[in-house]
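There are two complexes below, and they share chain A, which is joined by chain B in the first and by chain C in the second.
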Partner chain A sequence: MSGALDPAAWLPAALALRLGSIGLALGLARRPAASRWAALGGSCLASLLTGALAWSVLATGRAVGGSLLSHTASGFVLSYSVDRLSAWFLLVLALLGIPIAMYSLGYLGHGILARRSPFVAVGFSVLMGAVEMVFAADGIVGFLFAWELMTLANAALVATEHEVGETRRAAFLYLAMSHVATGCLFAGFLILAAAAGSFSFTHVLAGAPVSGARRHAVFLLFLAGFGVKAGVIPLHVWLPEAHPAAPSSISALMSGVVIKTGIYGLFRVCAFGLGPPHPGWGVLILACGGVSAVLGVLYALMQHDLKRLLAYHSIENIGIILLGLGAGMTALSSGRAELAAVGIAASLYHVLNHAVFKGLLFLGAGGVVMATGTRHIEDMGGLAKRMPWTALFFLVGSAAISGLPLLNGFVSEWLLFQAFLFGFQRSPEALVRFLFPVAGALLALTSALAAACFVKAFGVTFLALPRGEGAAKAHESPWVMLAPQAFLAAMCVVLGLVPGFVLEELRGVAASLPGVRPAPEMVRGLFAIAPGPGRFDHLTPPLVALAVVLAAGLAGALSLRAGYRVRRAPTWGCGGELSARTEYTATAFSKPLMMIFSAIYRPTREVQTVGAAYFPREVRYRAEIEPTFERFVYGPLTRGVLAAAERMKVIQAGSLHAYLAYVIALVVSLVLLLWWRG
Partner chain B sequence: MSGWTHVASSTPLSLARSFAFGLLQAAVLLAVAPLLRGVIKKMKAAFQTRQGPPLLQGYYDLAKLLRKEPVRSETASWVFVAGPRIYFATAVAATMLVPVLFAGAPLEQAGGILVLVGLLALGRFTLAIASLDTGSPFGGMGGSREMTVAALAEPALMLGLFTVALWAGSLNLGDLVRTTAQRGPSGHPSELLAAAALFIVLLAEAGRVPVDNPATHLELTMIHEAMVLEYAGPDLALVEWASALKELLFMTLLVNLFLPLGLAASAAPGAIAVSGALYAGKVFFLAVAVTLVESTNAKLRFFRVPELMALSLGLGFLALAIRFL
Partner chain C sequence: MSQNLVILCAAGMLVTAYLMVGQKALFVAIRLYGLQSILLGVVAVAMAFTDHRPHLLESAALTIGLKGVFIPWFLMRTIDRIGIHREIEPFVNTPSSLLICLGLTVVGYRVSTGLAAGGEGAAHHVIGVSLSMLLMGLFLMVTRRKAVTQILALLTIENAVFLVALGATSGMPLVVELGISFDVIVAVLVLGILVHRIVDRFESMDVSRLSKLKG
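Up next, the complex of A and B:
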């Protein structure tokens, strides 16, 4: 703990910097621009520090720790520790946090946000700091404190535009579900702490202080608690409400990293904190992942609000991440240390990739929404000519999230396929033999559906003629918003081309987890990776890229002769005049899939004609899909809770005497209970 | 063919040789692909007791289209221009990953089955996006249908390929073919089921009846043709050529995965001649099968296609189950 060069000093320094800049920003709140610069600039510098700390931990492999606060009288010490797993998540956070902060400098200065921007910027910085603390906490108290701070800061940010009723509802839903989740975490941690006799993670999460049915119960409590935060179906309902309601830069952070705190928790506690996982746990995680991935993308296909669509894709990608974790845990439960590493690496690689491309897409969507004044893609169109750079970056992000080669999404999905297929190859257990091919087929379906969804999202938003006035008048975003997108788009390419570099770090992370032993053959130089020893499969993306570039050169050469004398002509408008009305809509584009998967969507439609039957003046069409989970799971639940509250109103009489009596009765009964048991 | 060593031991020279070999193989397949379409057209015409277009019509069309002036929509942006080029590039790059005449693929250091499927998906993605660029309703209609069919075909394709790959113990097409060529066709029923599953996927991916009708321009039934309706001149030539190449690629994959007989193990002229003749025979056999299906079936209603894809998926699962469970 001596000298500025000691990495152990960087996290406290980052927090101090963050607090200082927050204080400065609050002091400058009357002057929004200066206040934004203070909060966001401070956040950038703090992120640089934590990023450097994470990198040094990954590079040296030595965990760094220390104490932030100690109270001698009570003996309470708030300490932190950054091991390789924490460092990986901290690095992802820093990598996304810096571009988002820069983007926010431009983004928050516009429209309705400008007046509130100091508070949004401060809220952003608080959220960043809270997430850093979640990743760095090494005790139950610090973890839960940071967890709650994160939830509250996040809820406040979601409610930024609180004049809109929907936004308030989204923020409330988020708070309510988060608190149920935190309740689960409290219960789980208290059971563990009581059994281990300590609040420190080193004791609580070292192996299993509880066993048998209790261990399963604790696992389920944590799965529910962290699952809500990650947006795992069926615990996802808050996510598609809250993510679109927040300002876009906040949505980018929420989708990119904040939901990953749930994944971090699942890794830290469920997978590696409760002793060797039971085979059923891996299967349960796999099932959650498969359901979230497929249903997430299916619901995304039906969304025509750009930000809601992206929010549902976050659910899909959380599903993909869980598929990797599930594969790893299944391998771990049968003691296959090398196979487990493939699933774990795929999962963690996708954590990074999803942060990069989803951050990019939300930032692009923010620019589009700002320029057009709408979130509805049916009112967009023609933006590729008006916002060429945003279009290019959004296209890169779209291809990356669809898992297409030459970009980062492909590499992590490739690894995940390897986890399933290589796992299948090497494990004779019937369970694996049955589950892994099914999971592989689901993954293939998911990525193909994601591609279909992004053809729609990109094509309808950016191409052809503008469908609304806002889109026709749109202008390109300022450079301060474009530069972060350019950086993230470049990251999509780089992370896709040097998988060996990334996997080398991930091998270190996986090796630090109990029971996992990654094979050295996974990394074959900077550019090539493989699932393990032998010739099962390997991937060298630069060679693929080179082949495509060469072939594109051939295509260019073949069409060169006529390339320079192109004739421009209007598109044939089917006999009428071509206008935005004749374009294919997003609704029409996804209609076939709605019909095919109608068993899941259960669509209802309504056609209304205005005017005479044979010569209608107007036809109105409305199609809706059934919000299955909201209606059949959460509907009865909410009604039940409300009914119970109604009954319990009796004891909430509003009389102070009665409340004091309750307290006394409780204390007496607790004392009696202790006396009786002790 | 010492170029087929692992990338860790590859030198710039061997890489350059792999790429030269890859480009040569792609060029050969590009040269043959229009002929395959001509053969199928001729055989279909014979079934309908018509004379049909000349066998070489595909080449005439391509030559003409490449010389023509490209006409592009005023509405379209750079995405429209990039679409056919990337589509063509991915199809050509994909051929370099597939063993054709030799017991190995030119660019097998780059990756295996997953890269191949990924590259084709990338080409489809860009072309479908480009189809939305002109503002014509046909483009969007075609793009939507193409992506829908592809989404349903993808799991079936993967599962069929996985069955073969897992049996051979490698997802790398070069390794896979060498293993099966050495072992010879096992005649295991699982192989027949997987082949049937992949044949259905071939019909879908190549846009053949009963999934799509390559000979129609009726808007109610078009899939692929609707997607590329707005292209003209060299742009259209690239799309057509790449589609023909993709079809040949799928057929090559099918015949070499399930009947890897006579693949040349060296660059000796004799071995290549034998391998070439066998390859031509096998692909012709498959072309006859495609023609038979096209001539004896009606195009399915679009919303019946999922059933066909589910059948393919089911066959894939069954193939996997009877081999490994």
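Up next, the complex of A and C:
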């Protein structure tokens, strides 16, 4: 193969296309609409190319690589390589990038200031390109460069509405935490590069150039570095601030793809780049995953800002992905290649699923926020009548993220359950026998709480009567914003009903990773989910779907036969009058859960009556949960850093003489060092 | 004979540096700098004859003319114009300063033996003197308050660097010499203007007051 048909040319072509469209868009910045079309259209085309490249790598199994630019004088070559793991993440990027770009065409025209929209479109394009480079880089220099470019573009996009103080704070928090994270990555990569004597991933990440305690230290550095980007608890605090602050289409991209770069890093480096994983590593990842999943969903339950709620669900889903990775690594460390393949496949499947349904939910939330002018779900309500299509797609997304059968969220969570059960049954190690059931129980709790949370989110937002003026006047989004949601909702269904198709590719991805050997029985036909060998039964979602449809039909027929008559009458209001004020609110809905988990939330509640004791004119209720991590982890940390800076200020005295004294002290001590050594 | 002359002049330069450290009158310090530069010129001339390197004569002329005459004259004129207090106000008193400089000289001399060219002979002394002067110049910069005295310290360091170039190598090419000379002139002019500005703003040359500029 050669020329345009050679997949090796597609990635440079996609990047060139992005660059060209960015240049064009910047040139047209005075005409916002044309500029948006240039940037987003170019991004769409480039994502198509990326998707095609990813697909060809997944289908043929042959890695594609090449050099993007080289500098002969310094011998520096910026090269890329797309193997199956990269291709999987690139596929996710392309699959979500195209609908989001299309949605942005409509959203950026109305949702934000028109003057600013070209820059958001350009920022989006830069971010897409940077993430693409992160997934495709095959050297430390290119990876870190793309990583930082991604961080900067993302921070700029978060700060789009920089007039709002909270937004500036969110962007700053994101930048600060990303800096620390990148510092960890730099340290880790430099240790590895020094040991391997090369900057190329093929040398650095093949086997383990370091061993013993240094290997553990490097693992922890990478875990911290990638964990911040992925939003793993307790490194997550930037995420619920930054996601809501960004424009909704950017939130969708951040949650769907950008935080997955952290997961990609954990896969590429922590799990498969540092030699065979130590048993402790898998346990640590499992613990991080379990904590992130449960706490993420618990905090999400208490949020009444729609986008913040979705942001906490991102943390939860990252937790689920890590549970899969942790199961895989634990299995790998005890040499169970087939079990590892199930965990890895579940994890990677969930990466795709989360991108699809969370992208969908954020796009829907963007439409809702644009239509109502508020992010607070207590001020919404009754939107199902006013925005029927958005409501339908949001419902599909909610069902998918809750892990309900027939949709994609169910498949990956089911696979993960199978991994835990399979591991429990087959592994004699006490550690696995203890940990896997616990992790499975946490996963089950998470799924149930997620379902509760989305009952709240969907019900309070879309059902009953509007509680605010914005909600009463809301209109359906334009088709250019609905079509991408329709596509993603359809993907939720397809990925849920035809898992075999995805599992076939995932088997290839898993097989390409060192130490992982997927069982041949993993894929049992197009429609089945089968975890592995043995007596574990496989599941065929279309059959389940058929059963559900039959059962529903049967129930319908029975109810018809029973002769129930449809009677239209006003809802009984206990003798009072029903209005939007008497609706079930989000606070009320989540209150029982707040009480059950009060040990975790540590809520403060305050009831205040205004007026006479027995005939109050007004009752005010306020409930807050304690921001545990912000207060007890980051509070002391911030204060410590500030106190240290205060002390260090003495050195930075602003006195010329002091600075000169530092110079002479340094010179004399260097001279004395020379003397002492020579 | 000329070897001895070189060593004598180098020692003289060191002595002028010590006198500058001990000196309280600003004008005398400037004249000492002029003397130091002339001694440097003599070292260059002596080396030009012993090593048969005639191009050193040119740099010697440049040194004597520029640093021995022009810069001292310019500095004194600047001080006259702004009409300030003509006394040096050090942070560290004179006896302690001299003791510290003694220590710096020991360090400089000791280090000079570590250099390839500084093992023995005249080069040993020249390099030892120049390293000591370099450290003393830095020390002067740290301990003097007035902007003019800091310019003097900087020029002393520059002389030291020139001397080390003479001692360790066979002297720099003329182009480099010219470049450095122009640098020195420009530096002195700029610093002169800066001193004017500082005095304008703060009604003093005391650079320690600059710390008030920080937030």
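Here is the rule we use: the second predicted complex is superposed on the first by the 637 of 678 C-alpha atoms of A that agree within 3 Å, B and C clash if a C-alpha of one lies under 4 Å from a C-alpha of the other, contacts with A are read in each partner's own complex, and residues count from 1 in each chain.
As a convention for this text, a residue touches a chain if its C-beta (ideal position, glycine included) is under 8 Å from a C-beta of that chain, and two chains touch if they have at least 3 such contacts.
On a predicted model such as this, the values are computed, not experimentally measured, just so you know.
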Regarding the shared-chain residue A:Arg568, is it in contact with chain B (first), chain C (second), both, or neither? first
Is A:Leu666 in contact with chain B, with chain C, with both, or with neither (first, second, both, neither)? neither
Just chain B (first), just chain C (second), both, or neither: which does A:Leu637 touch? neither
If you count the residues of chain A that each partner touches, which comes out higher, chain B or chain C? B
In the overlay, answer first, second, both or neither for which of chain B and chain C A:Ala59 touches. neither
So in the superposed three-chain picture, is A:Ala194 touching just chain B, just chain C, both, or none of them (first/second/both/neither)? neither
When the two structures are overlaid on chain A, which partner does A:Ala653 contact: first (chain B), second (chain C), both, or neither? second
Taking the superposition on A as described, I'd like to know which of chain B and chain C A:Val164 touches: first, second, both or neither. neither
Taking the superposition on A as described, I'd like to know which of chain B and chain C A:Leu539 touches: first, second, both or neither. first
Just checking: does A:Leu674 make contact with chain B only, chain C only, both, or neither of them? Give me first, second, both or neither. second
Looking at the complex, which residues from chain C come into contact with chain A? 91, 104, 107-108, 110-111, 114, 135, 138-139, 141-143, 145, 150, 207-208, 210-211, 213-214
Chain B to chain A touching residues, read off their complex: 6-8, 15, 19, 22-23, 26, 66-79, 84-86, 88-93, 96, 107, 109-115, 118-119, 121-122, 124-125, 128-129, 131-137, 139-141, 143-145, 147-148, 150-155, 157-159, 162, 165-166, 169-172, 175, 230, 233-235, 237-238, 302-303, 306, 313, 316-317, 320, 324-325
Okay, in this complex, where on chain A does chain B touch? 382, 384-385, 388, 391, 395, 399, 402-406, 410, 414, 417-418, 421, 424-425, 430, 433-434, 437, 440-442, 444-445, 447-449, 451-452, 454-456, 458-460, 462-465, 524-525, 527-528, 535-541, 543-544, 546-552, 554-556, 558-559, 561-563, 565-574, 578, 580, 582-585, 588-593, 595-596
Under the definition above, what is the set of chain A residues touching chain C in their complex? 653-657, 660-661, 663-664, 667-668, 671-672, 674-675, 678
